[in-house]
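Have a look at this one before I ask anything.
First chain written, first letter: the chains are A, B, C and D, and each begins at residue 1.
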Amino acid sequence: MVLIDTSSASVTTRKLTTAKAMVEGISQEMELDQSVFVLGEDVGAYGGIFSSTTGLLEKFGPKRVLDTPISETAFMGLATGAAVEGMRPIVELMFVDFFGVCMDQIYNHMAKIHYESGGNVKVPLVLMTAVGGGYSDGAQHSQCLWGTFAHLPGLKVVVPSNPFDAKGLMISAIRDDNPVVYMFHKGVMGLPWMAKNPRSLGAVPEQSYEVPIGKASVVRTGKDVTIISLSLSVHHALDAADELATQGVDCEVIDLRSLVPLDRGTILESAGKTGRVLVVDEDYKSFGLSGEIAAVICESDPRLLKVPFARLAVPDVPIPYSRTLEYAVLPTADRIISEIKHLMG
Amino acid sequence: MDSQTRLGLYKTMVLSRSFEEAILRDYHADKKPAWDIGAGLIPGEMHLSAGQEPVAAGVCAHLTADDAVTATHRPHHFAIAHGMDLRLLAAEIFGRETGLGKGRGGHMHLFDPSTHFSCSGIIAEGYPPALGQAFAFKRQGKDRVAVAVTGEGAANQGGFHESVNLASLWKLPVVFVIEDNDWAISVPRDSSTSIRSNAVRASSYGIRGARIQDNSVEGVWDAAKTAIEKARAGEGPSLIEVHTVRLWGHFEGDAQAYRDDLGSLIDPIPAYASQLESDGVLTTELAGKILKEAKRQVDDAVEFAKSSPLPSAADAEKYVFA
Amino acid sequence: MVLIDTSSASVTTRKLTTAKAMVEGISQEMELDQSVFVLGEDVGAYGGIFSSTTGLLEKFGPKRVLDTPISETAFMGLATGAAVEGMRPIVELMFVDFFGVCMDQIYNHMAKIHYESGGNVKVPLVLMTAVGGGYSDGAQHSQCLWGTFAHLPGLKVVVPSNPFDAKGLMISAIRDDNPVVYMFHKGVMGLPWMAKNPRSLGAVPEQSYEVPIGKASVVRTGKDVTIISLSLSVHHALDAADELATQGVDCEVIDLRSLVPLDRGTILESAGKTGRVLVVDEDYKSFGLSGEIAAVICESDPRLLKVPFARLAVPDVPIPYSRTLEYAVLPTADRIISEIKHLMG
Amino acid sequence: MDSQTRLGLYKTMVLSRSFEEAILRDYHADKKPAWDIGAGLIPGEMHLSAGQEPVAAGVCAHLTADDAVTATHRPHHFAIAHGMDLRLLAAEIFGRETGLGKGRGGHMHLFDPSTHFSCSGIIAEGYPPALGQAFAFKRQGKDRVAVAVTGEGAANQGGFHESVNLASLWKLPVVFVIEDNDWAISVPRDSSTSIRSNAVRASSYGIRGARIQDNSVEGVWDAAKTAIEKARAGEGPSLIEVHTVRLWGHFEGDAQAYRDDLGSLIDPIPAYASQLESDGVLTTELAGKILKEAKRQVDDAVEFAKSSPLPSAADAEKYVFA
């Protein structure tokens, strides 16, 4: 389904960080389509606190790359209104943790207008936002919250884990006629000032391409156990799978890439194959993604599961500041390994 | 102001009132004997704007269908003054498949692409999207404007502050309108607002502010003329507060036990009629013709609504995504 | 666990509506404890749009029953700050649908302060809010959203379905040293101007009593199938169970009463007994309560389920205005019956 | 103003600066060679207040530990001026079990019951809880006050508007303080705020507003004196904006490439020292003693922090509920 064949000779790729891949996707769409513009806090001269807009101001100027006041309700709504009038805004919420100051604009307006209008009004925009912890930013700057967004109808929710997907999903999101929440984990951006992560740098085609929204990716095939994950946790899952392989456990790793739509087919197929499922989710455990996956499986057929369903997620505690505590609640490769061992009995 | 304009304002107000009187009848008709808000041909909350017509008429007289209006939970007078197709409006209120939103939205959620009209059931949250419409108009190089409406109660919501500041900063062609009807449900203005006039708040944002007393449609017309011309000319936003009157309760069914000034309320429509009559612009006969024409349009719209099909239950999940 | 024995001769009960029972709970606590006060929109002279505060202004005066401006961020935060200083506020968010204008105060402050302070600061307050649809109030005034609140750590979430629980849970909530979100469905309040509902009127002791937070109630025992539900849907579930009983199907009905804490024990016990589970939830289907229950069951033991897990919830669509559409997405007794028949095979 | 008071202001500023210099050193010490925000003894974002000490010193001089202060993501100067135990503060910043919040909160989330101090990492959202503290004080019949702080960028957030309106309406004993350091991360004031001075906005709420230029600690002291006395006397809230200076970047690691006025910034502490010296209140010797005493306290606190245990991973789920 990926609309570019990266093995073809005509495709030129370079290694880019996730952040640079995202920006390239935005930039290419801005060149193609005058109605695309970017707004948010510190997206201009600063280039985005997590480098999601670096260089765009220089390239496209202040009429298309706009620093806003710290007025999320006003500028989220501005994005919605501009989208209604035919523009295609990309609006950044600096940290997803700030959703509470503007959630009404997001879920009562952006998300619902298309439905309330009986399909007569479209709201094509991208709401991009930084998620995730692991660097001691505390309870108000470290959350994932994709479960919160996915629970409310009317928003697509995409969560890239690597440079290739980041660019392709950004392009798809911009071209989508719906509001798409694009959640990028700070830890996958490849930022020079955060813990280095080899999977945050990868081959990205120069050309424009789409990664379809709603299609999970089986990033590692295996027969013993299925790890369903997304965003930074995919990296940990792959690290764990590498380690487990040396111990004779063959893990399949699924990168969901999008929560809405959720790729139920890929989940069910893999669960059916391995009979053992671990969800690894950096969002809060209860009433979120991990539960939804349990429901998907057991409303299809609970007998798919040879052993009890398992989930590794933040155990319903605000993200602690101190590193010892934070790493006690975040999913890590080590904890994935021990969960898998437990599943293997 | 010329007579045609004055008559135009009067006609708009009469049309709006006639429409709401018809809705009022049908809303209550089949909720008896035990009044059930969810029952009848028109279920749900119903916020009528009777008394506030001067605000909508005075503002929208300066707009074309290319201009945007975002209204509140009390939207009919603005929808009508801005030229929404009455049939689509009525059919939406009756929850029909032929309605503006195919029955999905209801009376607080009207989205009309052909008049760039929208509204919201969340107070003050109609302001921010209006900025975006104005932003788009500006980028598209048009002199179109966006009008954003709230009540005086809503002006104490954070979205008000953020929106007016941002519109001023970016010199967006927006006209902010506050309908001060003295009440926010049961809470009087002096229990919600720390100052007497929201027009004062305009100075917090470096924009022009005006307050129209007496629910005067011509006062509104004047102030809106200036504000809209300035917005079209690229001079940025203005704020207009109108001291108006809520004739019929917050929503239908509101017994208004908290309010003891009901006897002193002045209905602006007969008041304006007398003024026009004493100025020789309106006669009893013409007034009758205007009312008759309004009722004809309203009857047609209501008839259209009632004879339209209800949405099919099978289609309930349509339109979540484009 | 209910701290009053309603069968005892010394207990005097009267039939009250849920609304009156709630108000009585508030009123009795206000008499006992001067630090309890009530604030919100139209809670004074109006008595609460859904009669959650009727008569309190007359009884306790404007210093303890305060109408606020429509400034939810300010007055939610006010409640939090007052609680920190030793008061016990009851703050009303008129409709839960408005959470988006003040969610930051709720989940970044009210919910997290206790944790962030290392347990040094307590935030004892009740956030009460009206939920639910069924009377054509449209997409912005008809939601349940308990899944949204339950997903975020630090808030207890209670959801009474009847007068007895409404009073007892209110008293427990006021006495709790944590922020408790108390969600009352408009359809269970027994309001004279809404569709009548016999279960919204019931025997309520005159005395003060607590209903413990975190304990589900088995409101009907049965052996064939478990219906797990809450709030108004419990009434529909009981109606469906009555009807199904005449057809030879014996339903157990669980009223969760609280989402946080979630009574996993009662869920697992019943699922283990019947092997057939239907969750009936008026909140959105995906990424919410129904998924969480699936996870609870299948992380314990997927073999508890003899047939696939089932859930009847709002199918991820904004609540439509038109009655035909709204009742197509809401859980109704009829749809519960057909789901159960399907489960029974 | 008497010499003791002036010296007191100076000492407070020096203590705050000394503390932040120590934090600055330890923050950067172990993040090299590849600077990693999550590494080292003090990980995470670090917003230091150097340059803004006059605001905290001038305001808090009028408070006792019974009064409340809610500060921002940049809270140290207020925490220190309001008398927070330096050991608890340092240990929290180092993420230790002995910290104010047992290492759960971190530098943006300081909650001190003994000085009624709190802060928030969400801009402007510290205002609303301050209203509640003031409300409680009023109900308890005490003349205690609550001080609520934001930056000039935050003043464009909805919570600002709602809070000031409500405080005015209910005549709550709150003093709103705006630290205008010209910048909100990379966004200069004139790109965020549609007017020159937030003191103007006070008139939108019918309260007193003052703006202090030049980062003058004595100017702040004067204005705060009036505001706090009025609040204690039951005369309701005031707003004070101080034009101050952010000496060290938004957070540590901020290269400030967006800013070209760094050369012209005036450090208020040496500036005040010279003023006090030329007024004969301070000598070089006394200044040395003050600095030495400050450093002693800071060293003690940092030593306490570093020698304290880290929280145990097993306790991560403690304290979600009381």
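Here is the rule we use: a residue touches a chain if its C-beta (ideal position, glycine included) is under 8 Å from a C-beta of that chain, and two chains touch if they have at least 3 such contacts.
Model, not experiment: these values are computed from the prediction.
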Shared interface partners, meaning chains that touch chain C and chain D: A, B
Between chain A and chain D, centroid-to-centroid distance (C-alpha), Å: 35
Distance between the centres, which are taken as Cα means, of chain B and chain A, whole angstrom: 40
Separation of mean Cα positions, chain D and chain B [Å, integer]: 45
In chain D, residues with contacts to at least two other chains: 101, 103-106, 109, 120-122, 125, 156-159, 162, 165-166, 169, 191-193, 320
Touching two or more other chains - residue numbers and ranges from chain A: 68-69, 71-73, 97-98, 100-101, 104-105, 108, 112, 115-116, 138-140, 153-154, 316-318, 320-321
Chain-level touch network, classified as line, ring, star, complete or other: complete
Chain D partner contacts - residues on chain C that touch it in the complex: 37, 63, 66, 68-69, 71-87, 89, 101, 104-105, 108-109, 112-122, 124, 153-154, 156, 177-178
Of all residues in chain C, those that touch chain B in their complex: 41-42, 44-46, 49, 67-73, 97-98, 100-101, 134-141, 192-196, 315-318, 320-325, 327-329
Chain A residues touching chain C - in the complex, by the definition given at the top: 73, 97-108, 111-112, 115-116, 138-140, 147-148, 150-154, 259-260, 262, 284, 286-295, 297-303, 305, 308-311, 316-318, 320-321
Complex contacts: residues of chain B adjacent to chain C: 34-39, 43-45, 95-96, 101, 103-106, 108-109, 120-125, 153-154, 156-159, 184-187, 191-193, 253, 257-258, 310-317, 320
Parts of chain D lying in touch with chain C, wherever the complex brings them together: 68, 70, 99-106, 109, 111-113, 116, 118, 120-122, 125, 127-137, 139-140, 146, 158-159, 162-163, 165-166, 169-170, 318-322
